[in-house]
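Data block below; observations after.
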């Protein structure tokens, strides 16, 4: 019985590590292929500066609001 | 058997559409009576300038502005 | 049977109130001891200006500024 | 054309028994109280709506598959069921339902299989009730959420107020006595389990009442829950006259010293202290007080804020919806329209009144022995009904003395009352089981 | 080395039957439509993913413990199962599964115990399906959430639009006729229950379709749900040609008077009115319409905002995740890859087209009898598909007349269509049960 | 007066066995570690509290109705149970519980019916365990939520780091060997299923550990979960000495090139790629990896933000509460206070140590074959323990070179470790079942 148990443990270890490595190897290969296909066929316009667009007019109004807020904030103290 | 199945389908269609129309007719009648009773007995002070939209919409716009302000504020530091 | 039922009711009442009082008495005693131990061994530095650290405090300041901004924004309309 | 007839036979108007009609009106009444009068709407809206659903004739939403099969009147099914249940072939529907309810679990399982094979399903509300209440989980989860919302600070600052929470539980036990008295006098027919379940109304705590009655008297659960929540909403009407009658204007004017600051450590330790005392002395209160303390520990420990937040919001809301609808399933006409319901409603209000009185009297008693005077108005908060009862104490205090802010002081007995009634619930469950088991 | 063999035998590649391979492609296709084409992604992402999971060879995620035991091929288990099910010893796997599915509930319970004792478990998706759909709870909870998101204001301002919602349900019944016709002609083999479940696709309402098919034709549920959600997403393609064909440019240009203000009281009373009419006349629609009205009452009554909020967010989202995965479990190859699926897909689009047409025609009919003209473009919104169909009406209105904002006007028939198809669902469930019971 | 005696007999103090007393201290210890030392508090607070609840003497919260009936000592029930289970009349309580646990499903169902008829109920924690863990749903739902919180960007930018996640799983299998070695040496008595369940501690992933042990060794679940979460919290103490011992200062100073930008399309496709590989090659990992990928797809696809948000918040929080309490139910004294627990704790830390070492060594091996050097400090992150292990890598990197920011680089092996241990879990479940089934 002991031998069997040990044998079972060894089986699990060998096949287990084998499968883990094989599966992750397949995943490395699959991922590399996938990335290559996507990068080649669907190039992204640009790494896209954080898309929060800020037109100049908005900016001016914003700055006004914030300035007002800060002024008020300072007055209150 | 086919005849029976067809007959069953016809039954479901006739009675089904009948019930749907009857029920929704009752609902039209019920709704009309209900609205009349409520409008007569509980007149609302005022149609309440479309209460939902303006403050909520405003708030949303405000929040957007503020978020932008914060982002900008943080970037500047 | 009636006598039994009444007797059962009385039992529940007497023992019930007894247990409730005993348990809450134990809790009063336990709580007092606990509080005394904690107050003696772990005196709090101070009733502790809301212990939240710097980023949270910053956020609070920011929120105050923004609230002011909103108020002003509303007043302008 | 048979189908048209079938549909007509299936339609509600034909089957609407007067009892169901009355119960639909009761359900609408509960919705009115909840929506217009703000009577504990979080519970009474789902309960009222569930009550209406449970009484839609022919929909059988509150029945099990087996009960639906019986109600269907199919003679073949009735014959098989009668055989399975060992009743006489010609027995009435009522006798069959009774026999099914009292059958051993194995027979009930067979009846369910039989009904399933014949194409019957459990009603929606029946399923909700089984999952939410019969399993005990919904009241316990709500209790956990309540624990996560409870601040024991005022109680810890003044632990003596626990005695007020204890005294107010006398309302529970006086009601038990009242119920057995009515039975002994032959006016009502309450068993000792019924009496205990009714008494718990006096605990003024919804989930505790539902938990106890689901264990001891499920048939009365609908009436007990409705009474408990309604009277909790009526606390501002029920309590003031009693409080005024039992106190002098001088007593009502007593100002209490400001509560000391309670440290985080004390607040974290307190739920664990309760838990340990429960483990040592009161295992039967373990489910209720255990979940309550767990919720409170999540709140106070400061390291599981996201769990505490969910327990106080999404989880308690979801549970409340299904708990309410499930309670509604026990407002089926044949269970609610019973003289017992009148008895429950009458005894329930007595329970609240007595609990209020004993809370106030205990506060006066404490003042006899102590120099730190307690305003007896906070004694009434010991019935629980959080936070309504504490607000009532505060209001009467301000009437007597405009500088007299009792709200925080009353929160102590208020949460003590929650603990007190959970203790009482545990004791009663144990004792009743020992008596009837 | 046996273990390596076992593992290989257990691996998917070996067992991947062509049907499962095709269904995985179908699942990926649904994900593509959901993610890239925005086809009802809230449902089709979970459904598509669940469909892939259900078809992983050897994983048995959509099978019960007993089915898994049969599929395992263990000869001892097969022998015991065959004995239990009373089939011949040498019967095929298919025959055994068939016998298991048709066995009485008691035998199924024995089979489950047998499989459990042999170490087999229910698959994950099988459990999800049982809890979420077989119990009926998930579609009902989603319907409650939809009710809590629905504003009946436009409908109350113009109750006549209920007729448009009624007329559009003809799509449902025409499809029923089509399905029985196909069967009668020997082209397909739909039972009357199948026909009713397929017809409900024309209701253009996902939870209603899932609820009805779970009761009447669970094997077709996968195809029906996929058809219902896909065609709802295709409404902007399906409806416009039909709408243009049935209306003149003058009709499309009709401007409608602005809707009157609807008071809070009317909005609170309306779900109760529906509930009472259901109680009186249509008990079989009680689960669907009851939960829908309950959700709407929570929304409008104003005193249970936290419950309404949870019903519209956490609760409906959680339910959607499990509902979608559960529907996916019915995309198992042996159920989906069936000629019936083609029939369902063909009949489903006919249902949408007919419902659109009858809605538009009813609007034109209303204009014959009334001086307050209705723009017939809002008739098509009566099929439900909230809010897509109303947006289509608005878009075509603007094309014909840039001042013609029909969106709010179309919301009336749009929500009326939800009520209408729930009514139709209730009627069909009752009638089919009476026919087959 | 009998009642007073009953109550005393029912009270905890009388029944408090020393084992339960010790376990309550253990529960308090876990709470201390969670609250004061911040040891994975989201899990250890509910686990610790549940452990205390499970050990309240006389409350029987972790027992089934049938077990409670046995524990009650009622002679009539004991006689009936003994007869049902086929044990000798005079057998000890322990023998009866053993026989009940090993009885076929049909007999267990009869025992449950018998206990129900005698008025016994399932304990609260027993119900929680059955619904949350025995069904498998809670660990899977948490895995879905973790998937929805996981950003595969760093892994996709540098897929080689998957090898680090693979290598670190050797900790799992070394522990399996250690466990069978201890058994072979006669020191412990672990079956091969026990050994596999203990090994998974080395996966450093809570839900995976709970899922595997619920299937392979439910009696050890409490100890395994406690070990897994405790050692995950101890990662900052366990890993650094091993990492320093296996690397030279020069290696620790290696700076890695900045990660490339990963497109949305890659992130959407990646979970589907895993899913397809699972379907093709590893069906037994389908539940765990399927739910994980589903969560991640919901996160990345961008069209079901509300579902993703719920999966990351309300749903995972609710599930965590019940998962934790359920795990606590397996801290009952008779299961936890066993020499096996010591073995589990010892083997668990060895698992972490070996996984750390093999991860680091694999990184050094990669450097032998590649010109793009990898800092071997990120190898240790392959054990999972997200994100603690990645932070440890970063900290040691900064110590060696203040310009060396490894955090994002270490996130690659960190999430790879999650995939790796899910794969290992799937393999072990299949192999153990084949060995024991």
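Quick notes on this structure:
Think of it as A, B, C, D, E and F in the order they're written, each chain with its own count starting at 1.
By definition in this document, a residue touches a chain if its C-beta (ideal position, glycine included) is under 8 Å from a C-beta of that chain, and two chains touch if they have at least 3 such contacts.
Just so it is clear, the model here is predicted, and its values are computed rather than measured.
The greatest centre-to-centre distance from subunit F, using averaged C-alpha positions, is reached by B.
Each chain's centre was taken as the mean of its CA atoms, and the one lying most distant from subunit A is D. For the pair subunit A and subunit C, the distance between mean C-alpha positions equals 42 Å. One finds 38 Å separating the Cα centroids of subunit D and subunit E.
A straight line joining the Cα centres of subunit C and subunit E is 48 Å long. For subunit B, residues that reach two or more other chains under the stated contact definition are 11-12, 15, 19, 69, 73.
For subunit D, the set of residues that touch two or more other chains comprises 3, 7, 281-282, 314, 427, 431, 435.
Within the complex formed with subunit E, the residues of subunit B that make contact are 2-3, 5-6, 8-13, 15-17, 19-28, 30-32, 34-35, 38-39, 42, 44, 47-48. Across the complex, subunit E is touched by residues 3, 6-7, 10-13, 15-16, 24, 28, 31, 34-35, 38, 41-42, 45-46, 49, 52-53, 55-59, 61, 110, 112-114, 116-119, 121, 124, 127, 313-314, 317-318, 320-321, 325 of subunit D. The part of subunit D that touches subunit C in the complex is made up of residues 155-156, 159-160, 162-163, 165-166, 169-170, 172-174, 176-177, 179-181, 183-184, 191-192, 195-196, 261-266, 269-270, 273-274, 277, 281-282, 416, 419-420, 423-424, 427-428, 431-432, 435. Residues of subunit F that touch subunit E in their complex: 104-106, 109, 135-137, 140, 144, 215, 268, 272, 275-276, 278-284, 286-287, 290-291, 294, 297-298, 301-304, 306-307, 309-311, 313-315, 427, 430-431, 433-435, 437.
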